[in-house]
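Below are two complexes that have subunit A in common, paired first with subunit B and then with subunit C.
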Partner chain A sequence: MTTFLQLVVVGISTGSAYALIGIGLVLVYRTTSIINFAQGAFAVIAGLVTARLVGHVPTALAAALAVALVAVIGALMGFVALGRRGRTTPLASLIITLGLALLASAVELYVFGDVPRSYASISRHAWSLGGVLIEPQYTLIVAVTFLAAILLTALLRRTIVGHALVACADSRRASELVGLNVRALGVVSFAMAAALGALAGVLLTPVIPVTFDSDVGIAVNGFAAAAFGGLVSIRGALAGGLVLGIAENLVVGYINPQYELAIALLIMLALIGWRSRNEVVA
Partner chain B sequence: MSALLEVDDLTVRYGRAVAVDGVSLALERGERVALIGPNGAGKTSLLNAVCGLLKPAGGRVAIDGREVTGAGPGAVVRLGVSQVPEGRQVFPSLPVEANLLLGAYGRTGPFRYPAARAETRERLQRVYRLLPKLEELRDRPAGRTSGGEQQMVAIGRALMAGPRLLAIDELSLGLAPVVVQDLTAFLRSLNEEHGVALLLVEQNAHLAFDLCDRAYVLEAGRAVLAGPSEELRRQDAVRDAYLGGGLAVETL
Partner chain C sequence: MTAGALRAGGWVGLAALALYLPYTLGPSNQSLYSLMGLAVIVAVGLSLLMGFAGQVSLGQGAFYALGAYTSGILAVRHHDPLLALALAPFLTAAVAAVIGVPLLRLRGHYLAFATLALHLILLAVIFTWDTFTGGQIGLIGIPPLEVGGTQIKGHLYAATVWACAILTVLVAVNLVRSRAGRGLQLIATSEATAAAVGVNVTAYKLKLFVLSAGFAGLAGGLYTYLLQYLSPDSFPVVLSVQFVVMVAIGGIGSVYGAVVGAVAITYLQHLLQKLSLIGSLPVQAPRVASIGLYALILILVMVFMPRGLLPTLLDAARRVRPQRMKSPPLTS
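Our next item is the complex of A and B:
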């Protein structure tokens, strides 16, 4: 029972990080109809940059700088991926993000090398709850994820910029018609998604070291999380991340660690199959 | 002084298909003008080209003498022309009030929106006075209101940009006759008391002639007739084709 609970605790924590990735995917997909394949790269860049800065500056500052830098990179990627108004289709944009993800991997390999990078978690002292160890870093990941989800929801519900982003998601045509700059709002959503991905990256790196090619695994997990809400729901992505994290950790703990990514892919395929079947029926 | 809206020899193409074929029209300040014609005559394409949603293949559009051809919808809104689109196209998941505020935001943009806050509030109150139903529904997602209420949201949203010309695409489409009557009366008073010019695109010629002083008749992308509503109403060809005269559209 203790093993089971321990696996669940760790699963909730890594699942939260997947949820952050998934929420970023949802945000970009809803406002621009683009599935952003570079979403995993945001986490990797942030992790690598933080690892490089740690030792020179306090970890918290390093993490904040990395998140800010990645948000700028995200905005630039969005600018490139969105292309020209009325010329670049969402499918073309998707391919562009795939290209940008590959480019990001190459640049990371060149700048940071191929050695896995990591840094110390916030504290090594784990709390014990009836034999279940709870590490502060895991608690931090969960807390930051829920805080980010709450803040993002408040932004979308309460501010005019948030309303404009939701408007783009609701009806691109009507958004253009009232004079909203749909392209600029798309760039904003890419920057926000990049910041969310970067948060996941800086939080996960002390637990799971990153290399230039970690982005595929991270992106697949993020997609699987987002697929729970049909790619359109923040709450769905949050729930999806948690379910996925727990499921993966149970498989890793009880069956075989090598199946971790396979679980994400299986869940994603099952969800896509189930959804498309329901849509056909409906 | 130049007209409020001037459309000159406008052509819109989709690939090789010609939707609008060299149409010219003009609209003065405070005027009420209708654009009628059968389905597929190019009315909506013409309107969308005027509003900057479509890039015309030829011709020019000017607002107040300033050319806006191909300048995009934002520029058109900022020059005081707002569209109430076909099928309303409200933002369904946003509350009614957010729908309205976005009408103002679309005109100011993110940087001038905070400075225009007082003006936006005042305009919102004015829209609520004109369309009290919207104030009752302010917190309800626009997608969960009736068709007539959504049409009010779309009109209110357009008014939040403070337009001098309201371009309305298919006001009556899918609405109950009594709702259409109310909206027509509202648009008339908006025009008479607040001086907002109207460009009404309609399949329902009765409604168009009742509300508007002048009309253009569009057929297969061309403006085939134009004149005061009363004169058009008396013409046999128009009566037969659009006012239930019994003859097919082809005879026009």
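Our next item is the complex of A and C:
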């Protein structure tokens, strides 16, 4: 029982990080109809940059700088991925984001090499709760994820930019008609998604070291989490991330660590199969 | 001669040239030429999928690996390389059908991520299931391909690969021009319209996905007998991306373009591998260069020439050439 609970605790925390990635995907997809393959790269860049800065500046500052840098990179990537007005289809944009993700990994490989990087978690001292070890870093991941989700929801509901983003997600054409700059909002959604992805990367790197090609696995897991809510729901992505994290950790603990991703795909396929019974294909 | 006869003549000439070429090449160029043929088979299938179903598969490398390991494992265990090769495309197509059914019913690009995940899973399975696959060490002891007592190696192997590539191109071209092809073209133009006139959009997309996976499985099955050795290192995730790059170069949905893209990118990859022989460059240089180059090709082509590099260049060339005078209308 203790082993089971231990695996669930770890699963909830890694699942939260997947949820952050998934929420970023949802945000971009709803605003722009683009599936962003570079979402995993945001986490990796942030992790690598923080690992490089730690030792020169306090970890918290390093993490904040990394998140800010990645948000800027995200805005730039969004600008490129949106392509040319009226000429670039969502399919083309998807391939562009794939190219951007590759470009990011080429730069990461050039700058940081191919050795996995990491840094110390916030505290080595773990609490024991009836035999279940709870590490502060895990608690931090969960807390930050839920805080970010709440803040994001508040931002979407209460601020002008938030209302504009929601309008854009609802109908791009209507948003254009009332004078919203849909392209600029797309770039904003990319920057926000990048910040969320970076947050996930900064939190996860002490637990799972990152290297230039970690982004593929992170992006696939984030997508599986987002698919849980049909790619359009923040709460769905949050739930998806948690389910995924717990399921994967149980597989890692009881069956075989190699099949972690297989479970992500199977859950995704099962969910999609289940959803597609109800959805009318146009 | 009519235009049709000219076209058919040109076709036969090119096909004959493709089959004759290996007999003029040295051993290392032969293997490069074979790899080009294999890439053609995969890229043609992917181009159809991207052009007509509007879906991206990032799992063509996985299907290629699946075909390779299917034929490799069967050949090692049952000593019948030809049967093993024949089964590879069917098993691959069956796997594609299973994952395609739920994914293609939905709108949106679920397929891209799911096929990418499939690639990662397949690599994990190859590593873990080492009693069958040889794991990290690789699958050794694969017998040579043999048909009726003749070993298919060297020139003959390259010619066989290209014969399969030519068959693939023929199937693809005829598919586009058939009744089903007209349905597919309508899907490419407007899914809603296609559905309205009774084209079963989901079924067509699924069939196309299965066909493209089958092509990749065939290419993988053939690849097994190139080196008679398989290793997971031969099937990195970048391989799947490489096939997308080939299609982006040749034009999305273009069959002949896919042939050009496959040949060009395989040659580029060959040149990039030579970078690793230059001692003065850092160790990472070839990998950085190949990943970076593919990235730039994808980004630049998709932003500035969304139809593909080749169609855009051909259009530009046509515009530069002076317009021929139109023959005056017949008046009695």
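Simple rule for what comes next: the second predicted complex is superposed on the first by the 279 of 282 C-alpha atoms of A that agree within 3 Å, B and C clash if a C-alpha of one lies under 4 Å from a C-alpha of the other, contacts with A are read in each partner's own complex, and residues count from 1 in each chain.
One rule holds for everything that comes next: a residue touches a chain if its C-beta (ideal position, glycine included) is under 8 Å from a C-beta of that chain, and two chains touch if they have at least 3 such contacts.
Worth saying up front: this structure is predicted, and the values here are computed from it rather than measured.
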| item | value |
| --- | --- |
| Subunit B versus subunit C as contact partner of A:Asp170, first or second or both or neither | first |
| First (subunit B), second (subunit C), both or neither touched by A:Asp114 | second |
| First, second, both or neither for A:Gly253, with subunit B first and subunit C second | neither |
| Contacts of A:Val220 with subunit B and subunit C, given as first, second, both or neither | second |
| First (subunit B), second (subunit C), both or neither touched by A:Pro136 | neither |
| Which partner, subunit B or subunit C, touches more subunit A residues | C |
| Which superposed partner A:Pro209 touches (first subunit B, second subunit C, both, neither) | neither |
| In the complex with subunit A, residue positions of subunit C that touch it | 50, 54, 56, 58, 99, 101-103, 105-110, 112-114, 116-118, 120-121, 124-125, 127-128, 191-192, 195, 201-202, 237-238, 241, 244, 248, 284, 287-288, 291-292, 294-299, 302-304, 306 |
| Interface residues, subunit A side, partner subunit B - complex | 85-86, 160-161, 163-164, 166-167, 169-171, 173-181 |
| Residue ranges of subunit B in contact with subunit A within the complex | 51, 53, 55, 72-74, 76-78, 82-83, 85, 89-94, 98, 101-103, 105-107, 109-110, 113, 157-158, 161 |
| Residues of subunit A that touch subunit C when the two form their complex | 29, 35, 37, 80, 83-84, 87-96, 98-103, 105-107, 109-110, 113-114, 213, 216-217, 219-220, 223-224, 227, 231, 256, 258-259, 261-262, 264-265, 268-269, 272-273, 275-276, 279, 281-282 |
